[in-house]
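Next come the structures, one after another.
Look for chain A in each of the two complexes below; its partner is chain B in the first and chain C in the second.
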Partner chain A sequence: MNPPTSETGSQFITLLASLMLVLQVLLAVQPMLITNIRIFALQSLLLAAIAGVVGSAYHAGHVYVVAALTLVGKVLFLPWWLERLVRQIKIEQEIRPFVNMPASMLICGALTVLAYVVARPITSLERLGSNTVAVAIALLLTGFFLMINRRKAITQVLALLTMENGVMLAAIALTTYGMPLVVEIGIFFDVVIAVMVLGILVFRIRETFASMDVSKLNELKW
Partner chain B sequence: MLLTLLALLPLLTGLICWPLRQRVVLERLNLLAVATVAGLAVWLGAEVLARGAVEAFGGFLRVDALSALVVCLTAFVALACAIYAVGYLREEERAGRINARLSHRYYVLTPIFVGTMMAVPLVNNLGLLWVAIESTTLASVLLVRFYNQKSSLEAAWKYIVIGSAGIALALFGTVLIYHSAVQVVGDHAENGFNWSVLVEVADRCQPAAMRLGFVMVLVGYGTKAGLAPMHSWKPDAYAEAPVPSAALLGAGFINCALYGIMRFYTVAAKCLGHDYTGNLLVLFGVASILVAVPFVLVQRNFRRLLAYSSIDHAGIMVASLGFGGKLGALGAVLHMLFHAIAKPLMFFCAGNVQQRYGSPCFRKVTGVIHTLPWTGGLFLMATFAVTGVPPFSLFQSELTALSAALAADRVLPAGLFVAGIVTIFAGFLIHISKLSLGEPVHDTAPGVECPWKLGAMLLVSAPLIGLGLVLPAPLYELVRRAALMIGGVQ
Partner chain C sequence: MEGIPMLLLTLALWGYVTGSLAGLVCWRREKLANLFSFGSAALAALCGIGASVVCLAGSATSFEIRWEFLESAVPYLKFSVRLDPLSAFFLLIVSSLGLALSIYSFGYARSFYGRKRVAVLGAFYNGLLLATTLTFVADNIWLFLIAWEIMALTAYCLVSFEHEQPETRDAGVLYFIMSHIDAGCIILGFLLLFQMSGDYGFDSLHGLGAKMSPGKRDAAFILFLLGFGIKAGIVPLHIWLPAAHPVAPSNVSAFMSGVLIKTGIYGLTRVCFDFLGTPPLWWGVTLLAIGMISAVLGVLYALMEHDLKRLLAYHSIENIGIILMGLGAALMFLHTAHPVLAALALIAGLYHTINHATFKGLLFLGAGAVLHATHTRNMEEMGGLIKRMPQTAFFFLVGAVAISALPPLNGFVSEWLTYQALLQGFGTTESLVRLVFPLSGAMLALTGALAAACFVKAFGISFLAQPRSEHAGKAKEASPSMLFGMALLAGACLLLGLFPTHFIRLMDPLTHQLTGQQLSARLSLADGLVLASLARDTGTVSTLGMVILSACLLPVPFALWLVFGRNSKTRRGPTWDCGQRALTPQMEYTATGFSKPIRMIFKALFRPRREVQREYDFSPYFATTLRFESHVEEVFERRIYRPARILIIRASRRIRAIQMGSIHAYLLYIFVTLLLLLLFAI
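The block that comes next holds the complex of A and B.
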């Protein structure tokens, strides 16, 4: 078992993690759908890079597998698949959230502060990357906010995926070696299948309601 | 081998059914698979009673008394639903509400759903527990969307989006709990994430991460179990899914989610002490019971009524667990057993009524006992059973939960608990007695009960009545051991 190997590695991870958070805020204010998908791909790429750094810092072979899975699944496959879906159903590009841009930004900032408060008792015990837990919790919380704030079905899927990114960041950064490989693989396949099932539903919603606005899904009440 | 078969057999059946088209073949394959699984589950229960815990693949799969109970209950519910589904789907097809393609979809997806549910109590690894629970959602979401209507699409969307958000929290919580244990079990321990290992070392885990992790897991799996305030997907999903799938969700899957909560509770209570964990559970449990009350009283749709009943029962189980001690755990596990036996009948009767009258609204349905005497009578009986009227067994488990609350001096939660349950009983009685005994609707001639559906209803009625009179010793032994394991750690 290695102690924290390199100061550089740790700083690098903190840097990449904060960039993930920056992208998340960007996601909250960026109105174009395709750009949103690409921002998500970039965020996943950062996640894969973090996994790579952790893998090399601890010489842990299976964290490389996690990095590779993230790269193939979340950086390449899912964004490609979502973009194809967007093109297929020919929806308008603009997202139109419920809360306007400056307010969204403020809320994201508040949620990040909250995340740091929540994470305080845990952060001191970390071994690599001093702020990653707080960032992970912030990703989770802002992911929730994104989900509530968006009307379009497909952007809710994106919000879910960024929450998943937050969880995976915590998994990689907190437990040093990540979780056991079989768990990581299981989670990976669940996420991919979940997005594909959601895609099918998005397609049907578009077909049935002639819109992707989930606020039109309001038939069922108590 | 036995453990592997339990999960793999239904999954394989689903895959085998995919290329098949003939309805009779699909029906028989499904029935055969669940009947075999039920047999295997009983065998597993006997093995666990004889040997303590059954393991496979070096502890990768592990079944103790609690998991064996969940396996048996899931198998029982799956068997009853499979028999009911034959009659239900045939009638839906006859009425033109679905076509052959849709019933094919049902027969492919349902065994897969059952297989993923079976996997939940079998896996030892807490990460894989998450994977299994998420898989059940994915396997069942297309069943919720079964009828191609706007409302079912909306229900499915809510089901998967709320469920996935909740379960992301549960995964975060799982990661945090793993983190709190990783210093103790070591980075490289292959089995460090196994429940059986974690519970041994729980008292040496790092409490800060455990505290946060437990809240997240409780909220996450609580979403799947339908605890308030994360319950909003439940009425939609239960009302829109075809009746046998709704019964599987409401009587089978709910146990899987609660099973997850019980496992994590055992670890967290050992690490943090009972006060923190117990208070959280009581808070969510009692809140769920109270949230269900007004919706039960003013409900106009009897399929949605069942969902609120299910929220109420999830609340009872979680609250009982939170009241603490062996008594509280005993109440929770007993309630899980009795609820799973009683609930399918409720769904089946509601399904019969809906098919006969073509509507799930109370307004359009009265005097069922005159047109469908069996259904009307059994519906009343199921109502008494589910709301916990003696001599039915749910009374016993609710009483146990209440004694646990009073033993722990939690007077206020105990008072709210009783008030909630009694009001829900009153609401149910008003609704269902009108539905069953009221003036018959004029233009409905007496109907014939379908033998498949009636068979399923009688199959669940027998143990329902039987358990009211006597609890067989082996079954009680299983429950007792499970309760000891959960409640004996403090």
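The block that comes next holds the complex of A and C.
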């Protein structure tokens, strides 16, 4: 089926996607944990909006379902749950990454360039939202970098979630209808479960090591 | 005609699935679980026999039926199965042994009541039968590999069924490791093939070797030889076999020895004859050489064993060697463009495959019955069982005669065919390579003689004379279902031995498929009563004739007695006991003693060690205790596997340096790999 090449829709999606990337870079340099969680919520909201636009452009009902799931799960539930977790275990608010803020920003920039280079064969396709693939890969790579750069388990969970946002973005924007609904729901529940498990793990790590710093896990090695 | 085998095979596959689940449903009701799981396995096996017989008997030339027995939602993965003559032949093996084993298992599983979960045994047993059947009929690489892996895992679970014993756990782990090395080799081999064909279906692999470069073809052959060789248990990749077979429950050991290791033979046949095209000479020579080494070393190590099931396991290695001799010779004949001889050698090898499945299955079942009754696998603690378990003894004897290649049973027929193929091979080529044929013939003769010696020992020490232990003295005859299972296999041994020409007719489609020849008409004389070899002057044999002849000769001694001996007096007296007061089991010939001459002849190989410790109070002539130990060196374990293990552990220690225990480092590894791959993709 030929996708309707709606010019405004395409531009709108690109705009939203680039905003997601901006928020991702903001995550890399923002030191406050609670703010980080809220930035993530905002990013997910943009993702939900993209899903909504794609759904209306293709008149694909199940993409609306994805949008709704994202809205409920990643915009409302997970941020709320993570904030509660932060309050419960009363960790300090400041994130101290391994690489300092300016350097992180540069690395994020480099990764974004790499993402655009890698995605070139796909972005050259004339399709609705095909240029968002580069953004999606950039989200993935920077998310990965964030995960390596953070010390505390909870910030790593956050980074993982932004990576997952990238994957969702690619899935929604690239494939014509998004993926089959079953796959999307599957991924979604995977993420929720992963966050739950990681949340419990955070408690455990703190109980055992009296800290949330995963660097201390190397004491487990014999 | 196509519909019936399809239906039967599908029924068989689902029958195994049902059997697996049905047992688990009645988890706590042991009797029901036993009945359901093994009953359903028996019915499924019956369907499998039906499917293969309809296929093999129904068509004179090659046939091929393919269909999908299950819809698959995953791309590339198709659950498509095929029944071509080769698959149908191996399906016959797995199903007929499966039938006998399932019937035997009704009685055998009772020994686990209250001790172990019969449901678990039944579930894994059905799973193993299912996976093995699927391995034989899989029509694409994925399904084959999945079935192969399930087969390895279910077999592992069955080997470790009695995991309370440390010995069992060790054997299970060894089997697990070896089966994963073999799976790895096979996956690599298939990848090489896939690179060339671009498709996963077996159809696209047919005759692929002609299109491959020689280097890749040889690499694929070596990978498959290693992979399937481990499964088949060729020397020196055999070490899992004598460890795993004895500790598994006996119905499972029978299956492993009878069918599971034959999956290696199936794989080699499929790959060498179907996929890789006309072979270079050295493939055949390699197989033949491996066959010789496996046969001779297998039987020699078997002779040194006192553990009845380990002894049988070593004999499996020997028989795999004999089968490989046939296959190797067939490959050589294909190279020298003698398709008729190739067909003969192939018939010999595959005939021995089904023969080994029947008689080795029978022997393991017999050993299982003995183990069940005496609670020991050590032959030195048995003895006198022929009085206590006469029927088991009879069936074990049938198996022993068959495996020793004595006429008129089936082992004789296939070994005779192997001799014929090997001896006629001498004339096929002018090069020096032809010397390998008489040499392998001689090795086969040596193997046969040693096997006979070994089973004189196995039967004599276990079943004859007086009981050597209290357990053996209290042994009871096996239950009817166990005896019936053994009787089925003994009957199969007899039929396969007496009517070889009729059975070879079933193999016509098979040889037609793989070599383009059909030999059954040329191999049978006098309406199939006499088995002939191809050349007129090399010989014919009729097992049925031998039986009839000896039946006719039976009255002769009686007549002689009537004429000459009627007037002589019959005296009855005690056995000569050298003046001792009574004969005790301690005076009996032991297994160690029996095999001593052979141990001495092959001293260079066995490097026997012995320790004698005597303790005495006042004079060395009156020892109070005497301790005697004798060991045979396990050459492969010491010379190959131990150094390899040390090397691997040392290398692993080095590599462990990258395991820093820091999550960030691990994430970084993944990230850098990802980036490199991305850059590589640009």
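By definition in this document, the second predicted complex is superposed on the first by the 214 of 222 C-alpha atoms of A that agree within 3 Å, B and C clash if a C-alpha of one lies under 4 Å from a C-alpha of the other, contacts with A are read in each partner's own complex, and residues count from 1 in each chain.
Following the convention adopted for this analysis, a contact is a pair of C-beta atoms (placed from the backbone, for glycine too) under 8 Å apart; a residue touches a chain by one contact, two chains touch by 3 or more.
These numbers were taken from a predicted model, which means no experiment stands behind them.
Chemist: Taking chain A as the common reference, can chain B and chain C both be placed on it without clashing, or not? Answer clash or fit.
Modeler: Clash: chain B and chain C overlap once superposed on chain A.
Chemist: A:F144 in the overlay: touching chain B, chain C, both, or neither? Say first, second, both or neither.
Modeler: Both partners.
Chemist: Between chain B and chain C, whom does A:F98 touch in the aligned arrangement: first, second, both, or neither?
Modeler: The second partner, chain C, only.
Chemist: So, does A:A41 touch the first partner chain B, the second partner chain C, both, or neither?
Modeler: It touches nothing on chain B or chain C.
Chemist: Regarding the shared-chain residue A:I13, is it in contact with chain B (first), chain C (second), both, or neither?
Modeler: In the superposition, A:I13 contacts neither chain B nor chain C.
Chemist: On the A-aligned overlay, A:L33 touches which partner chain: chain B = first, chain C = second, or both, or neither?
Modeler: neither
Chemist: Look at the residues of chain A and decide whether chain B or chain C touches more of them.
Modeler: Per-residue touch count on chain A favours B.
Chemist: Considering only the touch criterion stated at the top, classify A:V117 as touching first (chain B), second (chain C), both, or neither.
Modeler: After superposing on A, A:V117 lies in contact with chain C but is clear of chain B.
Chemist: Give the stretch of chain B that clashes with chain C in the superposition, choosing among 200-208, 326-334 or 434-442.
Modeler: 326-334
Chemist: Taking the stated contact definition, name every residue in chain A that is touched by chain B in one complex and by chain C in the other, in rising order.
Modeler: 118, 144, 147, 156, 214, 217-220
Chemist: In their complex, what parts of chain B are in touch with chain A?
Modeler: So the residues of chain B in touch with chain A come to 125, 127-128, 130-131, 134-135, 137-138, 141-142, 145, 150-151, 153-158, 160-161, 164-165, 168-169, 171-172, 175-176, 178-179, 182, 186-188, 190, 192-193, 206, 208-209, 211-212, 235-236, 239-240, 295, 298-299, 304.
Chemist: So in the complex, which bits of chain C are touching chain A?
Modeler: Against chain A, the touching part of chain C is residues 659-664, 667-668, 670-671, 674-675, 678-679, 681-682.
Chemist: Using the touch rule from the top, collect the residues of chain A that touch chain B in their complex.
Modeler: Against chain B, the touching part of chain A is residues 1, 118, 121-122, 125, 136-137, 140, 143-144, 147, 153, 156, 160, 163-164, 166-167, 170-171, 174-177, 179-180, 182-183, 186-187, 190, 193-194, 197-198, 200-201, 204-205, 208-209, 214, 217-220, 222.
Chemist: Mind pulling up the chain A residues that touch chain C in the complex?
Modeler: 98, 114, 117-118, 141, 144-145, 147-148, 156, 214-215, 217-221
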